[in-house]
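Next up, some structures in structure tokens.
The following pair of complexes shares a single chain, chain A, combined with chain B in the former and chain C in the latter.
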Partner chain A sequence: MQLLAVSALHVRLPSIHRTVHAVRNVSWSLNEGEILALVGESGCGKTMTAMAILGLLPDSAQVTGHCSWQGQQRSVRTSGTRDPLAAEHAAVIFQNPQTALNPFFTISQQMGDVALASGRVTRKSLPGVLVENLARVQLPDPSAVLKKYPHQLSGGQLQRVMIAMALVCRPQVLIADEPTTALDVIVQAEILELLRTLALEDGLAVLLITHDLGVVASLCDRVMVMYAGEIVEQGAVKEVLRSPAHPYTRKLLATVPDIDGSRTALEYIPGRVPDLSQPMHGCAFKERCAHRHGACDRVPIERVLKGGQSYRCHLNDPYEVTQP
Partner chain B sequence: MKIYLIQRLAQMLVILLGVLMLTFVLSRILPGSPVEMMLGHRPSPEQIEAVRTELGLDKPIAMQFMVYLKGLAQGDLGTSLHTGQPVTSDLFNRFGATFELTTIALLLVVVMGIPLGVVSAVRQNTLSDHLVRSGSIAGMALPVFLIAMLLQMLFYGQLGWFPLQGRINAEIALDYPFAQRTGLYLVDTLLAGQWPAFKSAVLHLVLPVFTLVMASIAVVTRITRNTMVEVLQQDHIRTLQAYGVSRRRIYYRYALKATLIPLLTVIGLAYGYMLGGSVVVEFIFDWPGMGGYAVGGITRNDFPAVMGVTLLLAVIYLSMNLVIDLLYHLVDPRLELP
Partner chain C sequence: MTKPVTNHTLKVRELEKVYHTRMGPFIAVNKVSLDIADGEVLAIVGESGCGKSTLSRLLIGLDQADGGEIRFNDRVLYRASDAHASHRNDGIAIVFQDPFSSLNPKMRVVDLVAEAFRPTKLSAIKGWRGRRVTRRKRVVEYLNLVGLDETHLDRFPHEFSGGQLQRIALARALAQEPGLLILDEPTAALDVSVQAQILMLLKELQQRLALSMVFISHNLGSVAFIADRIMVMYLGHRVEAGPTRKVLDHTRHHYTRALIEAVPSINPHRKRRVSTLVPRGSILRPASRSCVFADRCPAATDDCRQHAPSFTEGPGGHGFACFHPLSETQP
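Moving on, here comes the complex of A and B:
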């Protein structure tokens, strides 16, 4: 079942001298129990896309587009006020659990305030609900955790607390903004395993923002690749990672070092990301693309391959080009 | 905790001893002596010698200091050469006046300064922010005596709302007598149940308190604003916003507590500044506090009085610092008590 559909999302960040077009015409959807990855390099608009639908961007950001939460249509708010409909369906966890909680208050105080603000928990049932959700994220001795301050817990424990905090609001969609970037590898695996369990057993839909393609391969069902504010390719993880269609996706995958590959220089993508404050003519990737030709000055249309994989490029058949 | 307190108190004793020694030696070696003040015009050398012996000034300085310390240990700060009263009773009478004035001013600075700073931070770069910032800076930039005199001109001279100076109306104090139990008129008049006297004491407090508040509120407002602006950009505030916790609760509960540490430091400093710096205010408003006593003591070479005031101010300042340090531990759970 489709929980969330986003269409024609634009985010502009105006400042005195220039306007940055951070997200341009992005559309995607998320289904129940699905883990959807949003990948791309830093500054490509991954986080902007997620925060825009929650209404968490700064007041100055101009947002247009539509969101449909379980069929309830709504235009995305332009101001920095939180969208109540989004809040009813979605919860969010952030990159660095160590700074995401206030150091001067106990876990119980902060989780309690969040739970009460969600309107789904009464004051009376609060202690029980908090303990129950901490247990759900597999934290041992939840009532002891509640009494602690953030500095008394490890990064992994704190990220579990953040997930529990999200679960208290009983969301159908969890937006996880690079939830494991600040954690070490072992803890990272545990947190990802927890997200998988929640998706499998409770039908929670997860939007996982990451730049770790290994995580995408091992955990996610579908993937969207973002470049310069646009989604250039999306599809099932197996298809996109095995047979990437867009030249950018191919380059991106090539940058991942191979464990049994030869120890040659690391792959990188020549050139640099286009200036998002300048008007874009045609394909955003053309300056760095090895397959550039005359058509690339026109805006590429979205092409759909068998199996639902789609990409935005003027190459008719992506497989006709030999991999560089 | 116990060990920590004992350490701190021992530290305080050492500092106090240093302060005393420095003041004692300085007052003795600087030119000018109380003897000339006491004997008036052209005393004979015999008279001078007699008074010096009487005051113990003929002994070596180290010896004099030991005598002073011995008296101090028994709670005797000596006798003021000017008032002829024991310094302890002089200080008691005058400290109440200063304490009442500065404490009320400090309370107002905290109660008004913090919310103004919060409003200023939350509505960054709006009209209210600019008003708060320029208003508090103006108070800081104007000299204290100018503020005091402007207030007197307006509220006494033009409007006649508040009295010009003093702690209480003398006639009212005679008609409604009250015992000086604490030295704080507000408390004493209430304890005695003398309403008209209480009212008079309150009216007399308004202008000097307001002067002190205007002169020192800027520090608290600015620190609150600037720290708060920083805190509001931190991740944990975004978390609460993301989950729809009300703005009011975020600002006054979560963000404010995170700004308390630098704020406490400033409040401690502000109080020390007020205690020492209320001299001008006390002078202009003819407030019978320690400021006037200290100035009188210094100009008349009244050694015991000067020593007494110095000692008392040092004790208050050090205790304030200790209290602030203890409050840090109360506010910030990451600080463990040693």
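Moving on, here comes the complex of A and C:
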């Protein structure tokens, strides 16, 4: 079942000298129990895309577009007002749990505030609900954790608390903004396992924002690759990672050093991300692409391959990319 | 790949560092020994709080050790018996994790790099004009080495991207003409595509200048790419050390195994086994006499809880500290 569909999303961030087009015409959807990855370099608009839907952007941001929550159509709010419909369906966890929690209050106070504000928990049932949610994220001894302050917990435990806090509102969609970047590999594996369990058992849909392709490969069902405010490729993880169609995705995959040590040289993408305040002519990736030709000055159309994988490039057959 | 055994640039024996906290002493580095040969890259891996950054601070002299010995090119940099053994980081340079905070925002690139020059470098030249020209010329040489050029000389750090800043930090470290370069998670603050650029640059520099390096990281992928040898640390202890491929392919210690299994691979067909580790509590203080890893180890026995295993080195320089090591021939 489709939980969330976003169409024609634009985000502009105006300032005195220039206007940055952070997200340009992005459309995507999220199904029940699905883990969808949003991948890209920093500054490509991943976080902007997610926060625009929740209405968590700064007041100055100009947002246009539509989103529908379980079929209820809604235009995306401008200027930083939170959408009650989004609040009802979605919850968010942030990158760094140490800064996302207030150091002056105990876990029970902070979780309690969230639970009561959601309007789904009464004051009477509150303690039980909090313990139940902490147990759900596999924290040992939940009632002891409730009495603690953030500095008394480790990074992995805090991230679990953040997830529990998000689950208290009983969301159908969980937006995770680089949830494991600040954590160690072993803790990261545990948190990813937890997200997987939640998606499988409770049908929670997860939008995972990340730049780690390893995380995408081991956890996600579908992936969207973003570049310069556009989605350049999307499809099932297995297909996109096995046979990437867009030159950018190919390059991105070649930059990752693997533990086998099979790579003696790493590729990297020459040049820089284009200036998003300038108008874009044609393909956004053309300046850094090894397969640039005359057609790249026109805007590429979206091409669809077998199995639902789609990409935006003028190369009409993905296998042309390997044989120049 | 057998390298001829050369003289060791850096020799560290039983180095210790104890922090005195309100809850009693905390041993951040516990009797760690290591050798780095000329032109060798040693990677130190482990989770945060395992003492890898403390170790790098001890090597460069930012912190003073509480026991043991550091020798560098047959000079004693630190010895426990010396009362005033605070050493200067002579011949050892460091690149920190976050280039945004490790470069002074008020200094131009030329000054940032030239600040690291040895005093003797320019003193031979007569006249301030000549010194100024030579100084700029020298800075350009180092900038070229890391892939930047003279157009970047008079800019400030805020005008650069993260990858470029890390290059400047690297040029600044190289300007000290170090015999040993310490890289403290040099790519952790950077994007994937930029990470690959910096790793390639490091590998190229290492081969061209025959630099010895200490590469501190928790990213096993980049470690496998760049390092000759690996040392795995857990709670201040050295638990496994040896040549890169031996440690990664024929892992002996259970902690190293867990680390390797936790790395998400970009190959979607490789199945990731669920980590068998017992979750760690927030208290990082093992009982004093047991094996440090006993609380979380899947193979721990009573023996492990009563005695600490000593670090034993096998053939090929592959050593580990475990009573019940994984078998050498494993899938």
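One rule holds for everything that comes next: the second predicted complex is superposed on the first by the 316 of 324 C-alpha atoms of A that agree within 3 Å, B and C clash if a C-alpha of one lies under 4 Å from a C-alpha of the other, contacts with A are read in each partner's own complex, and residues count from 1 in each chain.
Following the convention adopted for this analysis, a contact is a pair of C-beta atoms (placed from the backbone, for glycine too) under 8 Å apart; a residue touches a chain by one contact, two chains touch by 3 or more.
These numbers come from a predicted model, not from an experiment.
> Overlaying the two complexes on chain A, which is it for chain B and chain C: clash or fit?
After superposition on chain A, which the two structures share, chain B sits beside chain C with no clash.
> Hey, is it chain B or chain C that touches more of chain A?
Higher number of touched chain A residues: C.
> A:Met165 contacts which: chain B (first), chain C (second), both, neither?
In the superposed model, A:Met165 contacts chain B only, not chain C.
> Check the residue A:Ala117 against both partner chains and state whether it touches chain B (first), chain C (second), both, or neither.
Touch partner of A:Ala117: chain B, not chain C.
> Using the touch definition from the top, say if A:Pro127 reaches chain B (first), chain C (second), both or neither.
In the superposition, A:Pro127 touches no partner, neither chain B nor chain C.
> First (chain B), second (chain C), both or neither: which does A:Phe94 touch?
first
> Considering only touches as defined above, state whether A:Phe105 meets chain B (first), chain C (second), both or neither.
Touch partner of A:Phe105: chain B, not chain C.
> After the two structures are laid over each other on chain A, how near do the C-alpha atoms of chain B and chain C get, in Å?
Here the least C-alpha separation of chain B and chain C stands at 8 Å.
> Would you tell me the residues on chain A in contact with chain B in one complex that are also in contact with chain C in the other?
Shared contact residues on chain A (touching chain B in one complex, chain C in the other): none at all.
> So in the complex, the part of chain C that touches chain A is made up of which residues?
Against chain A, chain C makes touches at 47-48, 161, 191-197, 199-200, 218-222, 224-225, 244-245, 248, 258-269, 272, 274-275, 277, 279-280, 282.
> Taking the touch rule as given, give the residues of chain A at its contact with chain C in the complex, in rising order.
Against chain C, the touching part of chain A is residues 41-42, 140, 152-157, 184-190, 192-193, 211-219, 237-238, 241-242, 251-253, 255-261, 263, 265-269, 272.
> Which chain B residues qualify as touching chain A in the complex?
234-246, 249, 254, 257-258, 331-334
> For chain A, which residues count as touching chain B in their complex?
Chain A residues touching chain B: 54, 56, 82, 84, 87, 91-92, 94, 96, 99-105, 110, 113-114, 117-118, 149, 151, 162, 165, 169.
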